[in-house]
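Both complexes below contain chain A, partnered by chain B and then by chain C.
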Partner chain A sequence: MRSKQTAIGAALAALAVLCALFAASASAAPAWKFETKSLEGTEVILGGAYESALTVPGLTTKCENFLYKLTIENSAGTGKGSLTEMPLYNCTTNSSACTVSKISAEKLPYASHLATFGTTNYIVIEGVKVPILYAGEECVLGGTLVTVTGSAGGSIDNTAETATFNSSTLAASKTELKAIGQKIEWSGLFPTEAFQWHREQALSVS
Partner chain B sequence: MILALVVAALLFCLAGCGGGSSDPADSTSSTETSAAGDGAASADAGKGSAGTQEKAGADSKQASTEKGSANGAQPTSGGSNGSGSEGQKHGPRIAQPKGAPEQGPTPAEIANATVANMSLESPAIVASAGSPGRLAATYTCDGAGSWPAFHWGGVPPGTAELVLYAMNVQPVEEKLFVDWAVAGLSPSLTDIEAGKLPKGAIVGSNGFGKQGYEICPSGGGEIYMFAIYALPQKLSPPKGFDGREFRKEVLDVSGNVGLLPAVYERG
Partner chain C sequence: MQKHRTRVVCTALVAVALAALGLAGTAQAKLTGNYTRFSQCPYANLEVIKCLYSVTESGEVVLGNKKVPIEKAVTLQGGYGSVGEDEFSKFFAASNGITLAKVPQNVPGGLLGIVPEASSPALVKALIKFFLENSLTGVNATLELAKTASDIRVSENNLAAEEGAALELPVKVHLENPFLGKNCFVGSSSSPLLWKLTTGTTKPPAPNSPITGSVGAAKFLEEGRILETKGAKFVDNAWSAPGPSGCGGILSFLVTPIISAQLGTTTAGHNTAILVNTLSVGSAAAVRKNNSENP
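Now for the complex of A and B:
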């Protein structure tokens, strides 16, 4: 009888260990992977937004081209990144009276990391600072320098190899971008594609 | 029996212990399959360690990387270094940027700009869930038509006069539409009460040709911008000044502004 109890106890203990190991593995921080293998060393992701728009209430600023260069690595099992370049091209507004006089990403590089919220993996970009100087005598923000600051989380789609940023992904990743004391909207769809040692390899986050 | 218990518990673990761990990477299987067929050379290079890959691919890929500066704007997206040809595994191509990238404001431009670094708030206009605050009908021509209370902060030292504006965010017939313009406010002021103006306030004419406040969209709604400008020198316009014209003077001298957007929607 005692040996049977001991056996059951041992089995349960082993089970608890297995369960704990499984749970730990499942909740591990997400990492960058190429062809399902964890990235070793660094890689450069480079691309342009398929679309991107930033809205200070009522006034949307769009850039025809919105490129980015992100150096990624896995550090202690967690995907990290450093956004080193983010040039913007041909930026306009949705107001006939307003033009974008000056705009650029400042204080680069922006640190980034991967994080899981719910069942979705996100890339969180921190320390964003984008000053925008609007022009136009008849523009409500003419001659005004508005600075967008904060952090932004975009959801990773492994199949499409994209990161999507919008108000839902910012909220889900507990990030926010602010300007003029308000939360502002930013939408963007970016490819997440390696450009250096892993070109043409499937990049995933898990 | 023990085996059954273990199996049942393991199943439980798989279902629940992971905290709903649906792995997003699962969805990569199709991508991986397609990747195997396409960039085979790259895939082969990728089999080694990062160091190995570096040796194997350094010559050809480093060149690509050097071209692949986002600022240099050489590549289109797609890892194709701009070829944009069909049949590659990756997604849509991005058009090659034309011209030079946008530049940030220079220190001289910042010095000349009106910097939106003051705060402007109203208890009647509170943003929620990332949306701009809403203006109640009582503060429009659909209600009492008077202004809400405002308070502001961050007035820079040396300010000589404060000027308060309400404007449509979108121009009307290509022109800025001013709904309210009040000059002559003391720099020591930090708020105004709803429907009241302090002594010394100078009220200008708005886009409706009225000396005073009027928020009255022509359609179902509008987005408005309230603004408090801090002027380093007194402009002291005459009573009934043209709000739209006067704002040009304000922008010429103003160094700082607090902005508060508000949405009004009828019904």
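Now for the complex of A and C:
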């Protein structure tokens, strides 16, 4: 009799643990927080990439100045955003034959949202469209418009207050950027710092 | 005096021979490494901005009821100029004149596949029997340019964007078999099969449905001077074809209608071209430089 009670107790305990686990994953939608408090209203994150490079096998394009302006808010408990500006300057390639004659983000704003994959929080930027016009007499892409399209997910580091984009974060967030029919690599490290109502406050995602 | 004159003539001949060798050396400058594929690009013409070398390794051409798989590689090569207002570049013929190589492809079913014995008139039936008995039953279909190379059009922006026509190719199909004679064609210079090949998705009329091509796996060579894509899939299934003509030699009036009936409807929506290529595009300036560096 006692053994039956023990078995039922164990089963209930296991069920409770499972329920707790499911509850944790169900409430996984991450939100923007300042000093651990959920963001109310909107805030603007403004900054420049510490480094950023875009690679199609054999040709890498780097932009020295990769600025961005992201308006963020929490909507129904989930962090959202709108990338309203993304000027790109001083872009070069790793090829002695190719230069970047023109590059600009089109079809702004790009919608974004926070999401959790595994145990990591990501910011996912959607609807990216960046045409690049290459130049150079000896460059095979000289005069050709190469358009980067797709979506990109970057992992959020709450301690460093940065978002990192690379092939691993794009794969983990099930996003991809394409150009010339290819899945391309994009690496970038972006600071996440508020510039409006929450200046100098620690921004985190959880 | 005689000896001196002979010596002068000999010296002059040797000088001419050496000069000729020198000129030949210049004319036969060789491209090296990754650039060798562009040896037939008319890169000496300064209007040529890019060199193109494309080898179709597989695919198929469906003409009405008949499907011909591409089993033997077909090369398209030449160069193209700057982009016009219509987004297309003018094409320049290959230096050796072989812009589109004439490579015969086997037609499945052979002669009986396009001229069925049973439904043919007695004279045709007798001739077919002769060819069958002599094992002359194989039929080849060879793709040929229907117009000049300058009528080919290239849009590298459409190619890169995977939308719209990337390559417009006016072609005709030469059906070859001793029974069919030498002039059995589908398409002609005045009425070509105009393939508007895309790496994107087609919008064909019914009964065909949209099919999708792709740029394939691209990589840059020579620090961005050459782009090579493997498995580039160019497709078009919205083209129309006229009926066959000139088939059967002097019996053309009997044979051509039979082949036409066998092909069935060849209006737009009933035909398909799928070409799977390894495509190389190079900067003509880079090719010229490679050439000048290797006299």
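Before moving on, here are some points about what is shown:
Going forward, the second predicted complex is superposed on the first by the 180 of 206 C-alpha atoms of A that agree within 3 Å, B and C clash if a C-alpha of one lies under 4 Å from a C-alpha of the other, contacts with A are read in each partner's own complex, and residues count from 1 in each chain.
Going forward, a contact is a pair of C-beta atoms (placed from the backbone, for glycine too) under 8 Å apart; a residue touches a chain by one contact, two chains touch by 3 or more.
For clarity, every value in this text was computed on a predicted model and none was experimentally measured.
Steric overlap between chain B and chain C is present once the structures are superposed on chain A.
Judged by the touch definition given at the top, the superposed model places A:Val128 against neither chain B nor chain C. Contact with neither chain B nor chain C is seen for A:Leu114 once the two complexes are overlaid on the shared chain. Once chain A of one complex is fitted onto chain A of the other, the partner contacts of A:Cys139 extend to both chain B and chain C.
Look at A:Leu54: by the touch rule set out above, it reaches neither chain B nor chain C. Contacts of A:Thr93 after superposition on the shared chain: chain C is touched, whereas chain B is not. In the superposition on chain A, contact is made by A:Lys33 with chain B only, not with chain C.
Contacts of A:Leu46 after superposition on the shared chain: chain B is touched, whereas chain C is not.
After superposition on the shared chain, chain A has more residues touched by B, the comparison being chain B against chain C. When the shared chain is aligned, chain B comes close enough to touch A:Ser206, but chain C does not. Within the three-chain superposition, the chain C stretch that clashes with chain B turns out to be 219-227, the only such case among 111-119, 183-191 or 219-227. Within chain A, the residues touched by chain B in the first complex and by chain C in the second are 56-59, 95-97, 137-147, 179-182. The part of chain A that touches chain C in the complex is made up of residues 56-59, 93-98, 134, 136-147, 179-182. Residue ranges of chain A in contact with chain B, taken from their complex: 7-8, 11-12, 14-15, 18-19, 22-23, 25-27, 30, 33-37, 39-42, 44, 46-50, 56-59, 63-65, 67-69, 84-91, 95-97, 100-106, 118-121, 131, 133, 137-147, 156-162, 167, 170-171, 176, 179-183, 185, 191, 193-202, 204-206. Chain C makes touch with chain A in their complex at residues 49-50, 82-83, 156-157, 160-162, 199, 214-227, 229, 281-283, 285-286, 289.
Per the touch definition, chain B reaches chain A in the complex via residues 2, 5-6, 9-10, 13-14, 17-28, 30-32, 34-36, 38-39, 41-43, 45-46, 49-51, 53-54, 57, 61, 64-65, 68-71, 73, 75-79, 88-92, 94-95, 97-106, 109-110, 113-117, 119-121, 127, 129-130, 132, 167-171, 174-176, 223, 225, 248, 251, 257-261, 263.
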